[in-house]
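In what follows, chain A forms one complex with chain B and a second complex with chain C.
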Partner chain A sequence: MTGERTITVNPEDVKKEILAKYPPKVARKRGKQITPVSSDEKESLQVGANVRTVPGIITQRGCCYAGCKGVIMGPTRDIINLTHGPIGCGFYSWLTRRNQTRPPSDDAENYMTYCFSTDMQDEDIVFGGEKKLKAAIQEAYDIFKPKAISIFSTCPVGLIGDDVHAVAREMKAKLGINIFGFSCEGYKGVSQSAGHHIANNTIFTHVVGLNDTISDAKYKINLLGEYNIGGDAFIIDDLLEKCGISVVSTFSGNSTIDQFANCHTADLNAVMCHRSINYVADMLEIKYGIPWIKISFLGPKSTAQSLRKIAAYFEDQELIDTVEKVIAEEMVPVEAKIKEIKPRCEGKTAMMFVGGSRAHHYQELFWDLGMKVLSAGYEFAHRDDYEGRQVIPDIKIDADSRNIEELEIEPDETRYNPRKTEGQMKALEEKGFQFKAYEGMIPDMAKGSLIVDDISHHETETLIEMYKPDIFCAGIKEKYAVQKHGIPMKQLHSYDSGGPYAVFKGAINFYEEIDRMLNANIWHYLEAPWQKAPELSGKYAAE
Partner chain B sequence: MTPSRPYKETPSYTATQNACKMCTPLGASLVFQGIEGCVPLLHGSQGCSTYMRRYLISHFKEPVDIASSNFTEETAVFGGGANLKLAIENVARQYAPSMIGIATTCLSETIGDDVQLILNSMDNSINGTALVHVSTPSYSGTHVDGFHGAVAAVVDRFNPAGKKIVYRPKKKKTINLFPGMLSNEDLRHLKDIFEDFHTPVTILPDYSERLEGPSWQEYQAIQKGGTTLSAIEKMNVSVHSMEFGAVLALAAEKGQATAGAILNKRFGVPCTRLPIPIGVKAMDRFLDTLSQISGQPVPERYKKEKWRVVDTYVDGNKYVSKKRALIYGEEDFVVSMAGFLAEVGIIPVLCASGGKSKTFKAALEQTLPENLIDQIIIQNDMDFTCMEETAAGMPEEMRPELIIGNSKGYAMARRLKIPMVRVGFPIHDRVGGSRILHVGYKGAQQLFDTIVNAILTEKQTESRIGYSYM
Partner chain C sequence: MLLRHTPKEIKERKALAVNPAKTCQPIGAMYAGLGIHGCLPHSHGSQGCCAYHRSTLTRHYREPIMAATSSFTEGASVFGGQANLLQALLTIFTTYNPDMVAVHTTCLSETIGDDVNQIVKKAYKDGTIPEGKYVVHAATPSYVGSHVTGFSNMVKSIAVQMAEKTGKSNGRVNIVPGFVEPSDMAEIKRIAAMLGVNPILFPDTSGVVNGPLTGKFEMYPKGGTPISDLKSAGDSMASIGLGAWASAEPVKALDAQCKIPCQVQDLPIGLLATDRFVDALRTVAGVSVPDCVTQERGQLLDVISDMQPHLYGKKVALAGDPDQLIPLTEFLVTIGMKPVHIVTGTPGKAFTKRIKEITARFGDQINVQNPGDMFLLHQWIKNEPVDLLICNTYGKYMARDEDIPFVRHGFPILDRIGHAYFPTVGYKGGLHLLEKILGVLMDRKDRDASEETFELVE
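For the complex of A and B:
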């Protein structure tokens, strides 16, 4: 599965080279986050993830606010997202992620193109900003009459002691619409992951369960952790619809607040990005009795597996048959495209450093083209995203994670309704069906590859120099540095404004994109350094 | 649409909706990118560095590294000194920079970290790397203030009061140029002009090479290019300083310690303040001044360039005359662009900026003819929502027909259905944002052609037939 060609670079050497540049203390710390996959024996491998970035090491990570406002709440279109703070944070998170949305009509609510900020000034820092915040909420209400307003705290807010939650309660009582605040100050947690958690907890507390209307659709699921970059959620929805499966709520691509409010009426939670949302799936199960499964719609094989898994869960032959028919149909153009493109890409190599699950899920699309992944890592994932969910009980709770609230969830008194009895779940499991299972990235990493968590700029350069990949995937911050080396760089955060890349249709787009990037004429005008100075190559060949 | 309020009265809101400004540390980070071997470091949450890198990169489409002291909850409570020191040590070790430019953020400013004290305890350097600090709380001012603040901080650090003047070069008379926030192409053009005047110049900052470099033959920890520290150290022996920006000039008059003012006060280096030389009139003034200071005649090629552009103004006049434009961006940029528009016959009916210097209007009054000032709306501290409402509420005979500014005005232009010409910063929905030439006769030429062509495109699009002669 993970490619045939062996990797000739010794990952231990690469790790040594990377760490040589650091002072001993930093090297020790970074060493835990860099894991060579030296043999096929991978069970003992650990990756020290979700730990603080060392100051001065240029990280690609964002902050808690970015995870909360930009990632989770960014794709919501009918909630007015109001940043409480100086102007920068609001400005920089103003429609910068390429999550798309599709309002029902041109004049329907869509605040995604707006950026609301209290734009705090000196006097607000000195005398407190609550008054201004209240006025801004009142104003937003007067102008837009939205269904909901949410308030995002930036760094100074926590320090000067503005109580955004008290303001939210007061204004909610006054205006009669849903208003809630996020304590997502940038300094909280170690990465944007903390912000995802705060956002999801807040939505769970303030929105989920407010609308009990049960639709009469037959197979109702929620899609958790799909943010509709480049329109992924649109084509996922189309595919599911074709199979007869309806999506009650997507967290949070192309979402509406009413869908969040109604999500507890679904019968299954399908988790895409494990990192950003697995805890919501757990909470929905505990409170409402909805089981969850891990799925992935990236790559045709995973897509097919995921569809089959959903169908198997509902245990309905009609659905199972439809799904098989759809898969067979969709695979025809996918296979034709692979046949066309694979000869031009086969044997080439890739690296990917992105997200909390993309660096894992995207590997399959490269394998389809006969390519190998030399090195991968996440920006903000936790150990379970590398090592699998079985490590969760062993993860040490440190000061940074303790600061992120864990909600105590009890079964809902009236609405807890286990969708499957224990017996039914067990029977499914005996047939090989896995509930809430995720094995993480490690099992898919090839011998000779290197896992690097929270990769820094210097480490990226070392990897490029030693592994000499043919293509590199990360975000815009790495993009132009990588391309200076003559290596094509694909953004997997924003898709370089391309996409969609999900499900079968998206896979075709992705193959074409990789083909274009690897085989474009422009690369003949520049050569990677090792092509000009061949003595650089082969130095680290271990096998 | 009938205006709901008297014309010229602009709406006012509590919240800022779609801001026309960025935060102060972004400006400082850009300046530090324009110094050779310098790594910018933001003292605050890592998100600040990530956001600002992302933003600068989306405009320049080049690598931009900004380090961070990575505040955590503990740091926010107990102070950021230890984190800052560690960050400095790590940056110094990884990058061996000539200088680390340390800008604060709203976080470190709110808790009151005394960065200068921390740096003093390190003798303001580490293994030969100079440490320079600029205070940039993002709740004060805009990215422009951060920009000018950083330029002044760098000049201040390397030209301390009482510095012994070791030599005054006789023959090669160097001029200091503080150009403000211009494009890469602008900076390159300015360098060419000084070269044509056979006059050495120290431009601070100069990010034109570093933020638009070639592919690498070998790995560059810090991309090449930028003003050298040795040149910055010698700014106090230059014969003259020039500072661009009409608003900045008014601030200096009121006592703001700009870079030019510091050198003047400490070392008696005379400082001439000019508007950014956009348009023929402003460029004439710049070249005349340069000719006087350098003692060199204006080279022939610039005379040719000037008459070429004036000739184009004449030929294209029928398309632009009395056209009404909305222009926005940094205050100084808007002032100079408005001057250019006025000279070609376009009326800048709405001049807007997110800055709030309080002298925006005064600077425009110096630049634009009096009769024009009475007709137009000038508004600083304005966001795009107010701008859009103001534009839509103007009487029909005054309503803008052309929008000129950065990418952030696109949504407004789209809703107002008005053609847009992209200039300034940031431009992230087009390629070549950093290659737009605004200054000089050549810049005027290119701006004029682009604007005329935008108008012609609109005409053709609107035409039912689709004529292909103009």
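For the complex of A and C:
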């Protein structure tokens, strides 16, 4: 198939078809989270988000614990992450997220290959689990002598009233190492997003600012919201290093708590995944005076823009020149690869339903190949990730979001140090530079497309039936249901077994992957010869 | 080293589990529910439970694993999950139209004490569950037992809540196959068919979690025990439960409820356990064993004898579930190997006793721990190295660090295929296991051979 494929399906019809199969109340609720993009006039569009999932609907979403332990703290290697609860939660979050890590030496700490749990039994539920938690921390300390231990609360812990924070304080005083707890019980909030928030707040409170050593690197940034799936953070680091930019701390791909402790010494925060971490960027600005910008290293165009933005922030001609040189150099193989692959992908269509930012940022890589995005949505984003940050003051606080703590942050008495004066920031802004700006997914959605927040299995099926996409992107739970239709499914959480896909080099990997998936022979063999031509032309055996 | 912090020195742990050799009850219950035709498993708890179980089962089978959740929030955790479960059942029957929903609980709903039985009764009464549809439910608290316990609890609930006794024998034998692969369930049916027995096998995930690629997604694939068979299970001549941990309770419950004589056999892994299964089945069904079965037995025996030089005296470390480990250990002993370190995370006192009996010829040199974890297993291996490691995918980290030939067996297997298609039960399954074991042992021998000792013919 070649040539631009226009979207011929009316998104309003798709929405109607989807809602028809729900009980009336469910249909009303889901209707608010399904937004057709019917015209090019998109300013008034709203997408209901970060609201409860209807029970029974077959959602993609996970829980608060998964967001806290699995996503945010999972990639941090030099800390013992101890799950306080029955065995399952620790087991399922053991090595299942593909965040790679690179300890500096063969004997440097790396606990990411281990699963630590208090393995609560019924007597712990009945009589309380604090005693066992304390004993488990002591045993972990005796065997491993770690520099830090964190405790993750699972559902029953909150219900039976175990005070993990008191235990953490007591054991911290006793053992003299950093020990802190997360109140990330699975039932909190409405999705993983609550867990991201609890994890980040806790790290901000217990770790950030513990090490004031300032490195002598010239351009120091933090990368926020990059989780090193398939090695993304490695090649981002390489690219930045090539430009002369050094990363103090990445939250949290390939990370260590030592780096978190030192992150307040950076001069700029670059935010990749807006959803999981924009509030940390805000807190770092208020407390330490570090401005933040939204960037994206997914797609060559966004990568180039992001590098230019970082260089413009530092206002140093030498850096600006280096960045231009690096971009020019890196774009050569990217353009060659697009030229090679585009003819085989052009005009094909994609859908993507993941996370809190990837369903937006990955669209660019498909556009590069001449493909169209028919429908997209996030699994656990908030309205600002669709509609842009200007909507934040209008977002209603509900019973679920009220339960997730917002930290009150004040400027640090001694360490608050605005990296730019108000005048400098204003001057930059007048030149078109945007601090803490994110317009969300909506402006990039084409007329005729459909936005679906927290998509369900039934909705996925209806979209596939009506839009007939050429490729579908989501997570592991959706993968094989989609592929049974004969449509290739790319995991954008864990990248299947692929990656890295970030920056220029990763874009090349991604184009190759999409080419492979779209043009794989296997999809042509779904029918056996006798299914294609069932008429009989001969007779076997005599009658 | 990937497990660089694991010391050789073993310190006793009472509170800290490291690298578990088990997971929690609800995933076993979800897997059991998938083995009923037209059934949608439902997790009564936080969304994360359902997401984690679906993800793990999906990675293990590379197949769609459909299941729903009650999506507890903080409010539901305080006020109880009745409204969530009723809403869930309404949504499920309206939108997904299953014939049955198999509800299992979680540590959350168990801790707050939701009365699922009462909620389901209410749902039947008020019509949330449509006429002719079924909801079965099992209590599967995550803080008791393991994934095997959850499987057993769900199978027992299905049996007790679905079986009907009309008093007229159906002439069939119930077989509860235990927490095994779909390939194993299919093989058990094949063996029964060779004997001329038409069993009611439940659950039966063959055809559900190893389905074909057709270009069409089937929410409820062709496989699975038909609901009519579940009902009829109350009229069978006898029940055989395979694996005491997974299947004893279900067959005993059927005996208590419908007076169906039952017996519990080991999973038919390896020569002797398969002998016992075939013998038990022919006895309760009153049939004679056809030559084709004896032929398969002889083939397995033949290969074992052919390959003795490569097997005899080789030390093996194992982790897994009791029902698998008992006959697997027996098989390893049968073929001349020496299982030296064995852990399971699933509790149950009989385990250590059985393993000690099976390995009695080795005296007290065998390390067995129940419940134990893979961290301990790794420490044992550091103290007494082995020639072969058999466990689930997580073993690959130990195998790499210690450079041990590794055969994946058990749950979950996240990085290889085959388990859904090639059984390890029955005589054929024994051959398959042997092929895998010999494959890694002989590859290792070839890898380590000097040029002059490297040989074409082995």
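Please note the rule applied: the second predicted complex is superposed on the first by the 521 of 543 C-alpha atoms of A that agree within 3 Å, B and C clash if a C-alpha of one lies under 4 Å from a C-alpha of the other, contacts with A are read in each partner's own complex, and residues count from 1 in each chain.
Here, a contact is a pair of C-beta atoms (placed from the backbone, for glycine too) under 8 Å apart; a residue touches a chain by one contact, two chains touch by 3 or more.
Because the structure is a prediction, the values reported are computed rather than measured.
K.L.:
On chain A, do chain B and chain C fit together or clash when superposed?
P.N.:
clash
K.L.:
Using the touch definition from the top, say if A:Phe144 reaches chain B (first), chain C (second), both or neither.
P.N.:
A:Phe144 sits against chain C, while chain B stays out of touch.
K.L.:
Which of the two partners, first being chain B and second being chain C, lies in contact with A:Pro156: first, second, both, or neither?
P.N.:
Both partners, chain B and chain C.
K.L.:
Check whether A:Ile442 is in contact with chain B, with chain C, with both or with neither, and answer first, second, both or neither.
P.N.:
After superposing on A, A:Ile442 lies clear of both chain B and chain C.
K.L.:
Identify the partner contact of A:Ala399: answer first if only chain B is touched, second if only chain C is, both if each is, neither if none is.
P.N.:
After superposing on A, A:Ala399 lies in contact with both chain B and chain C.
K.L.:
Which partner does A:Val207 reach: the first (chain B), the second (chain C), both, or neither?
P.N.:
Neither partner.
K.L.:
Is A:Thr113 touching anything from chain B or chain C once the two structures are fitted on A? First, second, both or neither.
P.N.:
Touch status of A:Thr113: both partners.
K.L.:
Which holds for A:Leu307: it touches chain B only (first), chain C only (second), both, or neither?
P.N.:
neither
K.L.:
Under the stated touch criterion, which partner chain does A:Val354 make contact with: chain B (first), chain C (second), both, or neither?
P.N.:
A:Val354: touches no partner chain.
K.L.:
Output the chain A positions appearing in both contact lists, the one against chain B and the one against chain C.
P.N.:
Touching chain B in the first complex and chain C in the second, residues 21-23, 26, 52-66, 82, 85-94, 96, 113-122, 124-125, 132, 135-136, 139-140, 154-156, 158-160, 185-188, 190, 399-400, 403, 457-458, 461, 475-477, 479-481, 483-486, 526 of chain A appear in both lists.
K.L.:
Of all residues in chain A, which touch chain B in the complex?
P.N.:
Of all residues in chain A, those touching chain B are 21-23, 26, 52-66, 82, 85-94, 96, 113-122, 124-125, 132, 135-136, 139-140, 154-156, 158-160, 185-188, 190, 192, 399-400, 403, 457-458, 461, 465, 475-477, 479-481, 483-486, 526, 529, 532.
K.L.:
Report the residues of chain B in contact with chain A in the complex, numbered from low to high.
P.N.:
Checking each residue of chain B against chain A gives 13-19, 21-23, 25-26, 41, 44-55, 57-58, 61-76, 83-84, 86-91, 93-94, 105-107, 110-111, 137-140, 142, 213, 215-221, 385, 411.
K.L.:
Quick check on the complex: what are the chain A residues that touch chain C?
P.N.:
On the chain A side, the touching residues are 21-23, 26, 52-66, 82, 85-96, 106-107, 109-111, 113-122, 124-125, 132-136, 138-140, 142-144, 154-156, 158-160, 185-191, 399-400, 403, 457-458, 461, 475-477, 479-486, 526-527.
K.L.:
Enumerate the contact residues on chain C facing chain A in the complex.
P.N.:
These residues of chain C touch chain A: 1-5, 7, 11, 13-20, 22-27, 42, 45-49, 51-56, 58-59, 62-77, 84-85, 87-92, 94-96, 106-108, 111-112, 141-144, 146, 211, 213-218, 345, 375, 394, 397, 414.
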